[in-house]
Amino acid sequence: MITLNHYLAVGGLLFCIGLFGALAKRNAIAVLMGIELMLNAVNINLVAFNHFLAPDQVTGQIFAIFVIVVAAAEVAVGLALVLNIYRRRLDSNIDDLDWLKW
Amino acid sequence: MANWHLLTVEILTAALGLGLLALGLLVPHSDRRGIAYVATAGLAGILAVAIGMREASGVVLGGYVIDPFGTYFKILFLVAAMLTAVCSYDYVEKMGLNQAEYYALLILATLGMMILASSGELVSLYTGLELMTITFCILAAYHLGDAKSAEAGIKYLLLGAMSSAIFLYGLSLVYGSSGTTVIREIGQQVATRGASPALLLGTIFILAGFAFKVTAVPFHMWSPDVYEGAPTPVTGFLSVASKAAAFAALVRVFFGALPDLHNFWVQLFIALAVLTIVLGNLVAIPQTNIKRLLAYSSIAQAGYLLLGIVSFSVLGVGAVAYYAMLYVFGNMGAFMAATAFYNNDGSDEIKDYAGLARRSPLVAALMLFSLLSLAGIPPMAGFVGKFYLFMSIISRQYIWLAILGILMSMVSVYYYLLVAKAMYLGNPPEGSKPLQVAPGLQVAMVVSLLILFILGIYPTPLTNYAMNSAVTFFMP
Amino acid sequence: MLDVSALLFWLLAAITIAAALAVVLLKNIVHSALYLVLTFAGVAGIYILLQAEFLAAVQLLIYAGAVAILIVFAVMLTRRGDIKASNLYNFNYLAAGVVSLALLVIIILGNGRMAWTAAPAPAPASNVAAIANAFLGRYAIPFEVAAVLLLVAMVGAILLARGGKPER
Amino acid sequence: MNFPILTAIMLAPVAGLLLILLIPEREQLTIKITAAAATFVSLVLAVLAYVQYDHARGGLQFLQDISWVPGFGINYSVGVDGISMPLVLLTAIVIFTGVFASWDMTQRVKEFFIFLLMLVTGVFGVFISRDLFFFYLFFEVAVIPMYLLIGIWGSTRKEYAAMKLTLYLLVGSAFALIGIIALFLYASQQLGYATFDIQTLATVKYDLGFQKFVFFLMLIGFGVLVPIWPLHLWSPDGHVAAPTAVSMLHAGVLMKLGAYGLIRAGVFLFPEGAKFWAPLIAVLCIVNVVYGAMIAMVQRDLKFVIGYSSVSHMGYVLLGIASLNILGLDGAVSQMFAHGIMTALFFALVGNIYHKAHTREIASFGGLAHQMPRVAAGFLIGGLASLGLPGLNNFVAEFLIFMGSFTRDQALFGGILPFRILSILAISGIVITATYILRVVMKTFFGPRKPEWDHLEDARGVEMVPVVVLIATLLLFGLLPSLQIDMINNGITPLVAKVEAAKAIGGIF
Amino acid sequence: MINHAWLIPVFPALAFPIIIFLTRRVRPLSALVGIAAIGASFVMAVGVLREVLLNGVTMAHPVEYASTWLGIPGLLKIEAGVLIDPLAAVMLLVVTLVALLVEIYSVGYMHGDPGFSTFFGYLSLFSASMLGLVLANNYFMIFFFWELVGLCSYLLIGFYYHKQSAARAGLKAFVTNRVADFGFMLGFFFLFAIFGTFNFRELAAAIPSYQNTGFLALAAALVFIGPIGKSAQFPLHVWLPDAMEGPTPVSALIHAATMVAAGVYLLARAFVLFASLPGIMLLVAYVGGFTALFAATIAITQRDIKRILAYSTISQLGYMVMAMGIGSMTAGMFHLMTHAFFKALLFLGAGSVIHALEEQDIFRMGGLYKDMKVTVSTFVIAALALAGVPPLAGFWSKDEILAGAFDHGFTGLYIIGTLVAFLTAFYMFRLIFVAFFGDRRAGLHAHESPLTMTVPLVILAVLSVVSGFVGAPFVSHGFSSFVYYGEPHHIEPNYGVMLLSTIVALAGIGLAWLLYGRPSDVPARLAERYRSIYKLLVNKYYIDEVYLWLFHRVGLGLAEAFNWHDRHVVDGVFDGVGDVTRLSGHKLRLLQTGNLQTYALVIFTAVVIIALWMAAPVLGGVIQ
């Protein structure tokens, strides 16, 4: 029997993989990918909760849709910024973005 | 439905923002300055409406709460937006084109904050939060000619996205353990079901998300970089309004949904407050860039605001509200001065402020008194705010916390006075001229200065409003 | 014994996780992007298992379609140097691994200790109708906000991607 | 309601300040005259109030109440009693003379007088406030103008000194603030309503632990300003760096804020706490007196001598407070007044010398009495006041303090050490004081004429205003002390009655 | 007249501001104001004395009236009052008379000095203070004026402030007196602590019945420190010789006749306190006796005319103190009075010489008697009086002290006293023979002083001759039945003592003549022979050196140490706190690396840490 916890475990795993990607990758786009993974993990959680705990309402699914929308917006702006920076520095590595520090 | 009128402020704001976007396409380039005035006037109008609605209360669509607390913060955002708009006239012109978009984004960010402050439901809270965050990313990167600005934008975006991911994870856990996203209902569920591991974990995650937005240490690290890189008026707006909005939402979530867990989260907030106050103030000392200095100082200010949360009382929330409002004037005052200086000399370095008092008494005075207000020196408004905050935590017997807070605010006096030292004690460089400040900005400066004094000397009306708005969270 | 849905779950879970791992572990960013699409698809499958068909469709459309394409484009536009080493780790990947693992343990433990309280009511017949109702009813405000948000993102993306004229 | 004389005293400088804002910078004389006029109004009103104070009725007089923040029981309420009235007068005298002592100021005159008047407003505010909130508010208002005044117009390591002073004072006031808030919360819980009114707060019964704790906070908070050893270092540095008028106001009045706060918000509200900590205060006061005087003896800069002498003299104030009886406290308040006038005189004269000679190095002087007989005479009189010569105000004050502490019958350290021994040790300071003051007089003013100082002109014209006014004040209250002591006693008696009514407890030692 | 006695100090007190502020530029007027004021006081003092004699005011029944100067209800009453008894009346007369004569003398002596007017102003202030002191009816008031006379002494010693040595001498005098005043003040604080009053008569009434003599003895001993300082008793005598830096009339008035006698006067005023404490009395007696001998031995080797007189003064003051100590207040006061006359005369005479020669070293003088007849003859009369040659004033008063010591069984003190009498006669006549007789030194142009100076000399000379008779044992109802402690008594003449002291005085004069009366190398040979003793005496037993060492090495050393401690340790600690704060800011700043993934890492690490910190409720259990 597949329980809620199974889904949550998948969500958790996905979240942490995404987190690892976001923390450990040099390329800004890869970081964005990691973030997308994290958001997907949240969505799995939301939908699973919706399915197992409160199926009378679709709150979780609605929430997930909003998350997807926001994620899309974030990606759009994020990629635009990456392009902007790339054009200036010919580089999309985050390591090098340290003009602002201390 | 019957109570759509409660949304007047939000609707007007959205209309203004979108209208400006449209206007930007219609108005010829040479005449763009008018857009700035329209934006300012529009904000002023909305502000008037909001003040008129300050006592309104009601719930729209079951999850959107209009109450004095929310309206208080909306007024705050509008004031901040107005000051930012006034402050931006020259600055934006210097940055280049796209003025209409700039003001539109400013206003839409304000909209996001309003949603955030009034949401009684997690989904709209999240969307409001993201509207604000993404708009700010764009605004932070708005100085297209400046590589630092882009860096600020991407730092804010990526870190903001990561923090909202964990925040969202927290929301999902809270949703899972209570079965609802309406804050009031969550509160009821928590009251009946009690604490559970996932709920507490969710609380921690949510706290991390808010801590990021309010720049609580150690979630603060984005802010100095972003503040430094972003266009100065945007930094001002970001540092006051987005922080205030996050605090408003934080209060709603923690006091509305999780009051029964306060024994749990108060400890976390204490830790955050201590770290924030200490680190913010200490690291501000060696700063040489005014924006960075203000960034650290505003980190420290967030720590003081957290004290109000720690106290978990009407007084505490009221103090947070009061402090947030005068913080608008204090911090925006400083940023207005910094903008005026940047417009003339193109520098944000404190050492270049030498002799500013001779070159422009008004700008120097505004900077000085704004900083003193931030430091909590009477008769500036900041003193009263800090007074309430410390009162609130002492009433909870956290005397050590109060001592720490006050001592660290004396450290803050040190670095604020370093700025004062440059402005007043230093001599202006050879051949420097008096600062040219646009009349509109001058008016805004004088008004801001006067308000700082007035709120410090006669704080009663605002105090009453702030305290009354805070009562909501402690009514059975 | 394993029933069909369980089998599907394990399968989808395995694909999703494996693809996700590939996204973060591979050194070629183009490959990463492709595996990302696969992950999104896997997640969409899980949604179906959870009876959220509409959401699965949205997921496929927006994520696997739009977002992934956007990313691939971006990868192409910012490509420079050797594509095989376009997606390397930074210097603190070890710490990142430790933190991620620790968080995983915490999440699993926290969730695992939960006694989830299920609502008694049965699932509504049609998700789609319920979702539509919710969008235009209870969630009208976030819906509008999301619309504004997308507009903002669009404007912003155009502004930023177009770039400004250099400093005067 | 009658004419709000106290508010008028406080607002006269504000009015002057606003007027000065409107005067263009180059009209220096007009600015100075405006400042002098504003402070003169304060002075006249203060004298008037002093004379009109009804001794028979006693207590707080010239009351004025305006509700300010009702929710927190904050009222703008002013009034003076026998303790604060002399200090209001002191402030008025010192600022009035201070304006004249700054008459030779030529650099950034406008800002200078603006800040100076701002500063004095705060000082007046503290002394007239009956509301603890306003008390504290005014207390802090005085600090920042001080920073700028010292930082801009000072000398000798001015930036360092200004920062040091500001931080010391603010850190001190931080403790006081905590104390005030804790007190307020405790009291409003006991009373059932919120109030910051000092008289009302004094009616509350605070439990012993609370008293000890809060009094300690007050001791640190106000002690810094007194300044109590070892928190005193801001004061010599600050004195030295500050421009003349600021030194006058600073040593003359600002330090008194601390002692006043300690009496008003410390002893009056927490008599048992005061009893507990009194021995510590007494011990520290000996350090202040003796150690401060010893250090003054080896200073090379005239202002440092006076700076450390202030540390030493304020030690007597502490001794008076520690004695917790009528004589001692009468003396303490009287000493606050007397020291204020005396030290203002010193700084006015040293400022005069410094302005003309551009140095304050004692070793470089000698025989200045030849060139500057009036300054020398004034300085000598100041010195005599400082060493407690009869006929001058300081003598009366010190005498009362000595009597007060001497008649305090208490045994410390389990009965081994009578309080009296502490007081004897402190009194021994009069010998050291005489030594260093007269040595300075000798080295600076006596001895053969030095031709290199022949260009120095004696004080004359407006420069003599501070000298004459201050000396006259010292003589007036020195020869007719009843004028002062009756007033002070009027304020101290109820306070001591409260202390005596409090539970008898042992001291910290 | 008695009822207006409070006016006596008021005249000169008014003269002071008048001279300083009004008449300073018109010198003759200044002198006139000063003299007129003290003259008026003198007239009133005579009137007071007359009324005291006629109206039966006695020691037991004085006249006292007072008004409150400073009162704190129930706690403290400080009076400004007047207490007139024979003691005060005599003292008033002595002070006003000497002051009057000195002021007249000063007109001549100070003629041409740029500080002429100021000088008269200070003298007036001094007279006022001294008279106030005499009239005081309580300890507080006596202390008040005690300090003021100290101030005047300081001002007048340092009158020639351009001389470094004068300035130093003034400082020394003031500080030394401060030490004494500190003790004095503590003493009457103790009295106040015990009895709750400062008033002499109230104390006199209360003291005899007080039981705790130990405590009282402490108070008395402390009070006695006051006279030790003011009357220059060992070990606080060091200031008086240096005080000779002041103008000579000042030395005559303040440092010989009046102010230094204030200590003795205080002992007389406080006699009831001491009389009840035999131990303290003994202390007083021996301090006095020792000082008398000690100072006399120094005087025999000094060369400076004023210094010789100064040590002589110390020695004589020691006599008076000794008289008090052996219980004979009458003798003490008697000697005070006669001493005031002849010592003032000696100083004025010396002043006349200095005025003429501008030279103070007696060995550079000689043969002055030819040119300065009045000065020298009056000086010799005074010296005879001081040496105790009958029937001059000094003889009677000194004799009474010696007789008192003998009668009361203080044999030791009696021997000391007699020895001192011998030494006194010796050093005075050493001075006279060396300075006034013998050969005239080359280059000296001595001339007699003007009339304003010589007339006071003559008057004082007359007084030095006759004033002794008021207290001579042959006179009935003399001084002893007038100024006394306890019961009036008549002193029986003790012919043995008289005879011995006369012989001793003559022997001293004779020895002086032998050694110094004609050219001789004996003194030099003696000095060579007893070189170490001679050096000890010339250097005044090195007491100044010891004090200087104590002050500079110990006092200033300690002060420097404190200063260093304050600047480095205390300031170091607080600055250190500041530095640590600043430094930690600088270090913490480096955490901000600029790398956004590090920031993210920190955020998530923080989340993990918080979760682990809260592991108990989150992972391991459920909070309540």
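As written, the chains take the letters A, B, C, D and E, and residue 1 is the first residue of each chain.
Note that in this section a residue touches a chain if its C-beta (ideal position, glycine included) is under 8 Å from a C-beta of that chain, and two chains touch if they have at least 3 such contacts.
Computed from a predicted structure; not experimentally measured.
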Co-neighbours of chain C and chain A - touch as defined: B, E
Geometric centre: closest chain by C-alpha means: D
Chain-chain pair with the highest tally of contacting C-beta pairs: A-C
Relative to chain B, chain with the most remote C-alpha centre: E
Chain whose mean Cα position lies farthest from chain C: E
Whole-Å gap between the CA centroids of chain A and chain B: 26
Whole-Å gap between the CA centroids of chain B and chain D: 42
Between chain D and chain C, distance of the C-alpha-averaged centres to the nearest whole Å: 70
Centre distance in Å when chain C and chain E are each reduced to the mean of their C-alpha atoms: 101
Overlap residues in chain B, where contacts from two or more other chains coincide: 123, 126-127, 130, 134, 137-138, 141, 144, 150, 153-155, 158, 162, 166, 169, 173, 176, 179, 196-197, 200-201, 224-225
Chain C, residues touching no fewer than two other chains: 90, 92, 95-96, 99-100, 103, 106-107, 109-111, 113-114, 116-117, 119, 139, 142, 146, 149, 152-153, 156, 159-160, 163
Residue numbers of chain E (touch at least two other chains): 589, 592, 594-598, 600-601, 604-605, 607, 611, 618-619
Contact pairs between chains, per stated definition: A-B, A-C, A-E, B-C, B-D, B-E, C-E, D-E
Partner chain D, residues of chain B touching it in the complex: 357, 372, 377-379, 383, 387, 390-391, 394-395, 399, 402-403, 406-407, 409-410, 413-414, 417, 420-421, 424-425, 458-460, 463-464, 467
Interfacial residue positions of chain B with respect to chain E in the complex: 154-155, 158-159, 162-163, 166, 194-197, 200-201, 204-205, 207-208, 212, 218-219, 221-222, 224-225, 261, 263-264, 267-268, 271, 279, 282-287, 411
Chain B partner contacts - residues on chain C that touch it in the complex: 106-107, 109-111, 113-117, 119, 137-142, 144-146, 148-149, 151-153, 155-156, 159-160, 163-168
Complex contact set, residues of chain A against chain C: 1-2, 4-10, 12-21, 23-27, 29-30, 32-34, 36-37, 40, 43-44, 47-48, 50-59, 61-62, 64-66, 68-77, 79-84, 86-87, 90-92, 94-95
Residue ranges of chain C in contact with chain E within the complex: 90, 92, 95-96, 99-100, 102-103, 106, 109-110, 113
